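Structures are listed in the sections that come next.
Below, chain A partners chain B and then partners chain C, in two separate complexes.
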Partner chain A sequence: MILKVLKYSFSDLIRSRWSYVYLAFYLVLGFVLLFLNDNLSKAVITLMNIVVVLTPMIGTIFGIMYFYNSREFTELLLAQPIRRRTIFLGQYLGVALSLSLSLVLGLGIPFTIYGITQSSQIWDFATLLISGTFLTFIFTGLSIYIGLLNTNKIKGFGYAILMWLFFAVIYDGIFLISLVIFDDYPLDKFTLFASFLNPIDLSRIMILLKLDISALLGYTGALFQKFFGTSQGLIVAFAMLLVWTIGPTILMIRKSSRKDF
Partner chain B sequence: MRLTTTFLLLLIAHLGTTGVLKVCPSCTIQTIAAAVRTAEPMDSILVQKGVYTCSDLEVKKPVSLIGEEGAILDGLGSGYVLKILSDSVTVTGLKIINSGRSYTKDFAAIYAFRANHFTLSNLEIVNPFFGILLEKSKNGIVRSNKIYGASKREDDSGNGIHLWHCSNTIVENNEVYGLRDGIYLEFVDDSMVKNNYAHDNIRYGLHFMFSNRDEYLENTFRNNGAGVAVMFSKFIVMKENKFTHNWGTASYGLLLKEIYDAEVVDNSFTENTIGIFIDGSTRINYLGNLFKQNGWAVKVSGGCYTNKFFKNNFIGNSFDVSYNSKMNDNSFNGNYWSDYTGYDLDKNGVGDVPYRPVKLFSYIVNNTPETIILLRSLFVDIINFSEKVSPVFTPDDLIDNQPSIFVFQ
Partner chain C sequence: MIQLQHITKRFGQLTVLDDISFEIENGGTFAVLGPNGSGKTTILKIILGMVLPQRGEVLVQDNKVRQTWDYRKQISYLPQIARFPDNLTVRELIKMIKDLRNMPSREDELVEMLGLQKFMDKKLGNLSGGTRQKVNIVLTFMFDVPILILDEPTAGLDPVSLIRLKDLIEKEKAAGKIILITTHILSLVESLADEIIFLLEGHIHFRGSLGALSQKTGEKDLEHSIAALLE
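Up next, the complex of A and B:
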C-alpha cells in the first residue's frame, strides 16, 4: 500500500514538470562547471558549495509546497481504509525520492561523461551525492512535519523557510560567535559536537575533509581528521545523518496519527 | 701569445707529472686507503668496479678520487666514510653506503673541514646520517649527487647536504630525499644553490640561517614535512624555485623569518598549506610569483615592513592574504587575483575597483583558529561580502589599487 502512495506521489511530481526543471538545472550546472574548469577536483569543491546550500532549500520548498498542494488528495485518501502512517510516509518518500533522483542523475550524468568513474575523485563525488541525498530527505521530512503542524499555508511556508535559514546561515552565525566569545576555553570537543547538531555543517565538513582541505583546519582539523579519517568516524557521521533523517520522519508519523484533519 | 704558450707548456708538464692510480679488487692497490697513502699530490685515483671498505679515511693531500660505474665505498656502519682535510680534492662517481650514525657526533658520508676548491660530484649516498657535511670550506662545488635515506624521525636523522661556515660554494643539480633537512646552510655566504630537487624530507627541503648574499635558483621543493624555512639572512635572491605540495598542519611552502633586503622572483607556490609565511621580514620584493591552490597564499605576521608584492598571480587560494593586525606597511598593488570581481570599463587591463585581499574570515580565523571549521559555509560568504562592502576589521589600507584583469604570463 505504501508503495502505491509513493508511486502516486512520485508520478504526480514527475508530471508536474518541476522535477524535470530541477533535473535540468543540475544537468546544466554540471556541464557548465566541467566546461569552465576541466579539473574534476575543483569542480567537486564548487559543487559542494552549491549542493550543501541548495539541496536543503529545494527539499524544504518542495516538501512544504507538495504537502499543501496535495491536501485535498490527502483528505480523500484519509477517507479510505488506509493507515495514516502509510499515506504520509508514502508521500514523503515520493517527494524525497524524486528530488534525490534529480540530484543524482543531474550531477551523475555530466560527471560520468567527463570520466569521474575512472578518476580518483570518485569517492569524493560519491560522498557529495550521498550527503546531498541525505540532506534532501532530512529537509523534506522536516518541512512536511512543519506542514502538519501548521494548517495556515503562509505560516507554514514561513516557518519552513526560517528552518532552512536557521540551519544554512543562522546556526553557523551562532556557532561562529560562540567560538569567538569562548576563545579562551578549549573548543575542539565543542566544535565537533556542535557540527553534529547541524546536518548541513556535518555534510560540509565531511566533504571538506574528503577533499584534502583538512590540513587547512589546523589543530581542530587534526581532531576532525582523526575522527572522520577512520572508517569508524565516517560510519558515525553517516549514522548521525541517518538519525537526522529518521528523527523528523518519526515526528511526522506521530504528528500525523494524532492530527485532526 | 708568449704567455699562452708558457701556460700551455706548464699545463702539459703538469699533466705529465700527475699519475693515475688504479684501485680494484685484483690490482696491486686494493684499498682506497692504500691508494690515498701512495698517491702524490695532484694524482688521480681511479676506483674500478667493486665494493671497498672505507671508514674514517682522511684525505690530506690534493687528489682526485674517481669512481667507475659500480664502485662502492662501504663505511661498515661506523664513523665517517671520507674525511677531506686538504684543498683541491675531487670525489666523483662513487656510491657510498653504510656511513656511521650517532647521537653525539655528526657522522657524514663525506666530511670536509677547511678544504677549499673541492669538487664533489655524481655521488650516490645511500641512507647516511649526514650525506655531505662541509665545514669552514670555500670555493667548492657540490654537483649532481643523489643522497637518500629512509628517515622516520627528526632526532635520529641528519641532513642531506649540510654547509657550515662556508662561502663561494655552488650546490647544484642534486637530489635529496628521505632525510631530515634536504639542504642546510648555516653561516654560508656568497653561494649559489641551483636546480636541486629536495623532496619527502621529514623536516625542511631547504633550511638556511645567517647566510647572506646567496642565490637560490630553479630548485624544486616538494612534499617536505615543513616545507622550506629560511631565517636571519640578508641580501638573498630566490628565483624560479618551485614550492609544491608542502601540506600539513605545520607546513609552509616558504617560511621567511628575519630576512632583509631579499628578492623573491618568479617562484611558484602550489598546493601548500601556507604559500609564504612572513615573520619580521623587511624590504623584500615579491615579483612574478605564482600562488596556486594554497590554503593561505601569503600569511603575514608581525614586524614586516616595506615589502612589495607586484605582478604576482593569486589563483584559487582559500585565503589570498592573511594579516594579524590592522597596521599595514606593505604594498600589494598590481597583482592578479582570481577572486577579483571588479570590472574594467576603460579596457586598460587594470580593474577600476580596488581589491581587498584580506577577507574578514581570515581575520577571524587568525584570532580564533577553531572557526576554520566554518570554511566555505554560506554564513562566512555573507560576512565576507559585507566586510568587503564596508571594511571594519581588516586593515583598510591593505588594498590592491591596480588589480590586473589578466593573468601575468
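Up next, the complex of A and C:
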C-alpha cells in the first residue's frame, strides 16, 4: 500500500515542471564544473559547497509546498482504508525520492560522461551524492513535519524557510560567537556535540573527511578527524545523518496520527 | 452497525460535540441535521477516523475506530467539498481510487448515468463545481460497501442529477445499507430519511422519525418542525 501512495506522489511530482528545472540545473552545473575545470577535486569541492546549501533549501521548499498543495489528495486518501502512517510516509518518500533522483541523475550523468567511473575519485563523488540525498530526505521530512504542525499555509512556509536559514546560516553564526565568548574554556567536546546537531555541518565534514583535505576541514572537521580519525569519523558522520533522517520521520508520523483533518 | 459512545470534541475553546452517544443498528437512511457549525461534518469525520475526539469511543461494525483503519473498507465517504488533485484527469482519479481500494466496482454504469463520459479525459482542476460533485458521487457509489457517508451530496447538482442521486440512494437503502447523510435540502430529507438526528449546541436535540418530529413539534412540514426545534 505504501508503494501505491508513493507511486502517485512520485508520478505527480515527476510531471511537475519544477522537477525538470531542478534536474536541468544540476546537469548544467555538473557539465560546466567538470569540463571547464581541469581539477576534479576542485570541482567536487565547488559542488559540495553548492549541494550542502541547495539540497536542504530545495527539500524544504518542495516538502512544504507539496504538503500544502496535496491537501485534497491527502483528505481523499484519509477516507480510504489506508493507515495514516502509510499515507504520510508514502508522500514523504515520493517527494524525497524524486528530488534525490534529480540530484543523482543531474550530477551523475555529467560525471559518467566525464569518465569518473573509471577514476579513483568515484568514492569522493559518491560521498557527495550520498550527503546530498541525506540532506534532501532530512529537510523534506522536517518541512512536512512543520506543515503538519501549522494549518496556516503562510505560517508553515515561513517557519520552514526559517528552519532552513537556521541550519544553513544562523547556526554557524551562533556557534562562532559562542566559540569566541567561551574562548577560555576547553571547547572540544562542546564543538563536537554542536556539529552533531546540524545536518548541514555533518554533511560538509563527511565530504571533506572523504576528500582528505585538512586545510578545508575547519575547526569542527579538524576536531572530528582528531577525535575519530578519518575512517571512523566518516562512519560517525554517516550514522548521525541517519539519525537525523529517522528522527523527523518519527516526529512526522507521530504528529500525523494525532491530527484532525 | 455504528456506535458512538460519549463523544466529546473540542476545537480549541469551542466544544462542538458534548458527550454525544447514539447507535445505528440496522440499515436505513439517517439524516444528520442542525444549524451551521453544529458539528454535522465533525460527527461524520469522527466516524471516518479523520477527526479524533478528546473523549469517547466509536465502533463501526464492532471495530474500534481509534487506531484502526481497515474498517474503512466498509465505508464510502462523499466529502462536503469536492476537492481533488488538480492535475489528474477524471479517468486517472477513478483508476487510482480503484487501485487503492482493490474492490470490484461499477464506475462505467455511474459515469453513463451522470453523463460524465465527455469529461473523462479532462483535468479535475478544469471542471465546474457541479461536474466535480458528480465525480465525487461516482467515487462514492462505485463500490458495494455496507455504509455510505454523504456530506452534502447535493451541492451544485442540477435538478436532473439530483433525481438520479435520489434514485441511487434509494437503491442502496433497499439493499439494506446504512446511509448517513447531511443536507440542507429538506425535500431530500422528507423523501429519503427514515430517521432524523438533530444536532444543536453540541447535543442530540432530537432523534426519531419524521412522524415523531411533527408530533413533537405540532408542525406539519419538516421546515416548520425544524424551525420549531430551533426556537
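Just so we're on the same page, the second predicted complex is superposed on the first by the 244 of 261 C-alpha atoms of A that agree within 3 Å, B and C clash if a C-alpha of one lies under 4 Å from a C-alpha of the other, contacts with A are read in each partner's own complex, and residues count from 1 in each chain.
To be clear about the criterion, a residue touches a chain if its C-beta (ideal position, glycine included) is under 8 Å from a C-beta of that chain, and two chains touch if they have at least 3 such contacts.
These numbers come from a predicted model, not from an experiment.
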Request  = Applying the touch criterion given at the start, work out whether A:Ile113 contacts chain B, chain C, both or neither, answering first, second, both or neither.
outcome  = neither
Inquiry  = Output check: A:Val32 vs chain B and chain C. Expected answer is one of first, second, both, neither. What do you get?
reply    = neither
Task = Could you look at A:Ala239 and tell me whether it touches chain B, chain C, both or neither (first, second, both, neither)?
result = neither
Inquiry  = Just to be sure I read the superposition right, which of the two partners does A:Ala24 touch: chain B = first, chain C = second, or both, or neither?
reply    = neither
Message = Quick check on the superposed pair: does A:Tyr8 touch chain B, chain C, both, or neither? Answer first, second, both or neither.
response = second
Request  = Tell me which partner A:Phe261 touches in the superposition: chain B (first), chain C (second), both or neither.
outcome  = second
Ask   = Touching A:Leu208 in the superposition: chain B (first), chain C (second), both, neither?
value = first
Message = In the superposed model, which partner reaches more residues of chain A, chain B or chain C?
response = B
Task = Quick one: classify A:Glu75 as touching chain B (first), chain C (second), both or neither.
result = second
Inquiry  = Let me check the overlay on chain A: which residues of chain A are in contact with chain B and also with chain C?
reply    = none
Query = Along chain C, where are the residues that touch chain A in the complex?
reply = 11, 45, 48-52, 69-73, 75, 77, 79, 83-88, 96-97, 99-101
Ask   = Tell me, which parts of chain A touch chain C in their complex?
value = 1, 4-5, 8, 12, 15, 70-73, 75-84, 258-261
Query = What does chain A use to touch chain B in their complex?
reply = 42, 45, 48-49, 52-53, 168-170, 172-173, 175-176, 179-180, 183, 187-188, 191, 195, 200-201, 204-205, 208, 212-213, 215-222, 224
Query = Tell me, which parts of chain B touch chain A in their complex?
reply = 247-249, 251, 273, 295-296, 316, 318, 364, 367-380, 382
